[in-house]
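Okay, handing you the structure first.
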């Protein structure tokens, strides 16, 4: 069972989408009845016959009544530019796995909280407060029962603390200043130690001045693999999606569309998606094309999985779903609060894509 | 098993409510101890004895401290007027079933997207962008496995596209401009073709400039009946409730109370309610009087149904519930985000009623 | 099986927290490497060894870049003051059980709706519209099948009515003015009568001008114990949490942190938590330290309980969960919409704590 964490590179996505785009452009340009299936089949192996647009009436945009002050063509150009730019290059990539160092029986992770400039979309730089310079912070991944040590150095201008959201830790390691520990003052550090449990998809984030600090980026995935993999459903690849909606806008893994990362799988593969909401709003995540089989909530396996196509993730919740990649093509994947995903200027924010290849 | 889609006419509702209203008015007017059960029993067959209001103290409204600048009586008159007006007549009724024409083995639906004036409440006209002139667009209903063709003509001033939300279609039919098709330019058309699957309650709506276009009304129900009806729970009647919260305000099936439609069933009947949220906010739908048995989510049958009285429907989600009409009477049915349903001027927006008759 | 409804007194909480606080202050003051486990173990019996903060680098707060205009120490002092004040004394305590008087076979509860001044946090007085002078109103508790009579006297300046949200009542007792009864005018009363069903966690609240009236405090818990206790999971103690977010701010049981009440249990006890949302926003309730086993929704037992650590409660919903108090210590318990729980000035609003003692 191959498990990779790497989203598709820009090169890979353009390779897939280019085929569709070219095909569609060709169809549009031909100016007569044609079948989009030609393009679709070339790109993704769809079958069947379909009829096509652009045949009747003059395609004359009427400015009056169009959104904003744009003509239809102007609006479409903006939308197209967004798609063509996807996945756009930006500096920095958060959520990459941090290899622990071993200290005796402990898996040790070093985190430094500090201010950085973070490029959310091309050219859109925000001040972020980040672990190890990235948003989300590095993924910390251990196995159920591991002894874990996380050394936090605070290079922020204010105190902080980390709560390992979802882990059952000794009370002193719970990360709530003045209840379970003193705040970690600027320039000092703190060491968290606990035994990883339960298995599943969890999070770590600031629990001091948290509305501000988590909003600014002090958050990350904490993944606990089961001691016995057979206790959880099998999958081929996995994709972690950290949702956020703070001062950096609507983001998936610290980036807004078109700088979000698509993910590619082969037809027939099972993809585990780990959702976590580090924001303050609901995000109903809608994957086009294939249902999501929901298997776990907050790391705990559901007694009975269920199917859906739009899974609402509330703040603080994590959900694990398995998507069986049965349908070929590039499938939009976005928050269905539409204002988190599209404006008159095109798609933005919480939009990405799942690409299913032969 | 009779299945009808027609909500109760204004005449029918007034017939039922009139009995209650008259009885209540009589009780209030009598100015002495009486039993509301008299009125209730006459109207809905309730049993038991109850004591009644208005007996002790002087019913002198004290203006100071009442909401707004109204007296209690002024406020009550506004509230009463709303109820008495329900269901109020407005021009236009969306969501009615569109009979397909057959082209070979295809069930063909013709949709025209265009601007219309839409009466959401009596006298409150909004610009809407609508399929076939109505909000929601006509209900498209097919059977699992049917070959479906939807011909969309764009008479808007800007481009558009349709996504069949919940259907597993070939990628080229997924409706996302510049990813799976070119946008449908003003004055042109596009034909979608796919085989209907899975069964259940689904939606169709714009996927281009969608925050605006769906908000303006480019949305509708897409219902896929199971090939074998025995695979889903039995019911006697069904009621589709499309929830929306865009520029037209808080609406159920394109109308705000008192222009929403109540629904009438006979005692003992099983009512299937199909919820779908085409808005951007959560709507916890609370039916008074009887629990809702939740049987399906996003069209997929739940492994185990559950009971509730308030079912939260998030944007993009669909839920199917069965209500067994055991309790006689007129039951309020509304979103429990109270500001979506009631102001100091009375009920408005996402309010309707289920009427259970002998 | 002992079942108590009394949250921990201020004295009890300070007793527990004082031990931790003193230990932590001591550790910080000592200015050298030490183990927080000493404090934690003394307070809550945690085991294991942990390393401690404050060792490396100069703890010099850098004002530039800190939140607001505060230094790190100023911010920390505000946060600490909030925790030290918890649970803060305020006038009035809502949600206490109201003993019914018997009238023949009826359990009778008398409620008076009137304006009061309500202290949400120390020194923060709001006008509230309350049942019997408290927010939430008194808890009404009966047993499934009981005959219930609720006599409501309206001493407000506007009309009102009560809906027993979740109860299956005769239509005339449903509490919706102009549909099932006339409004209860100022200075008059109304008597509700019904047989209590179904069992579980329900609510009573105004259903007239309800956005305003419920927001102002006309709400309370209506608990129906099962006729046969064996039909529901066993527990040792129970805690009702009424969530609200209206004009009084973000509150649990009518109070904002630090005036919220913590709850104490002994290690090994099973705590039933009854959530109900009387507000207009979602509140994902996150208990630190131990999972929540979700057993019922809107009073109805789930066909299969599930585990989570963050349970989202939408307006109008009730949820019952059981927490097995396995982990010693003081555990933060808060809404995970962080802006409902923490600002730069410290924790506020929807924050409380579960204390697990030996």
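All chains are identified by letter, namely A, B and C, in their written order; residue positions are counted from 1 within each chain.
Here is the rule we go by: a residue touches a chain if its C-beta (ideal position, glycine included) is under 8 Å from a C-beta of that chain, and two chains touch if they have at least 3 such contacts.
These figures come from a predicted structure and were not determined experimentally.
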How much rotation, in degrees rounded to the nearest 5, is required to superimpose subunit A onto subunit C on the basis of Cα coordinates?
120
Count the residue numbers both subunit B and subunit C use at their shared interface, divide by all numbers used there, and answer same if that is over half, different if under half.
different
In whole angstrom, the CA-centroid distance of subunit B from subunit C equals 33
At least two other chains touched by the same residue of subunit B: list those residues.
282, 304
Subunit A contacts subunit B in the complex at 17, 20-21, 24-25, 27-28, 36-37, 39-41, 43-44, 46-67, 70, 72-73, 75-76, 79-80, 83-84, 282, 284, 286, 288-291, 304-310, 312, 327-332, 336-339, 341-344, 353
Mind listing the subunit A positions that touch subunit C in their complex?
115, 149, 151, 153, 156-159, 163, 165-166, 168-174, 176-194, 198, 207-212, 214-215, 280, 282, 297-300, 302-304, 314-317
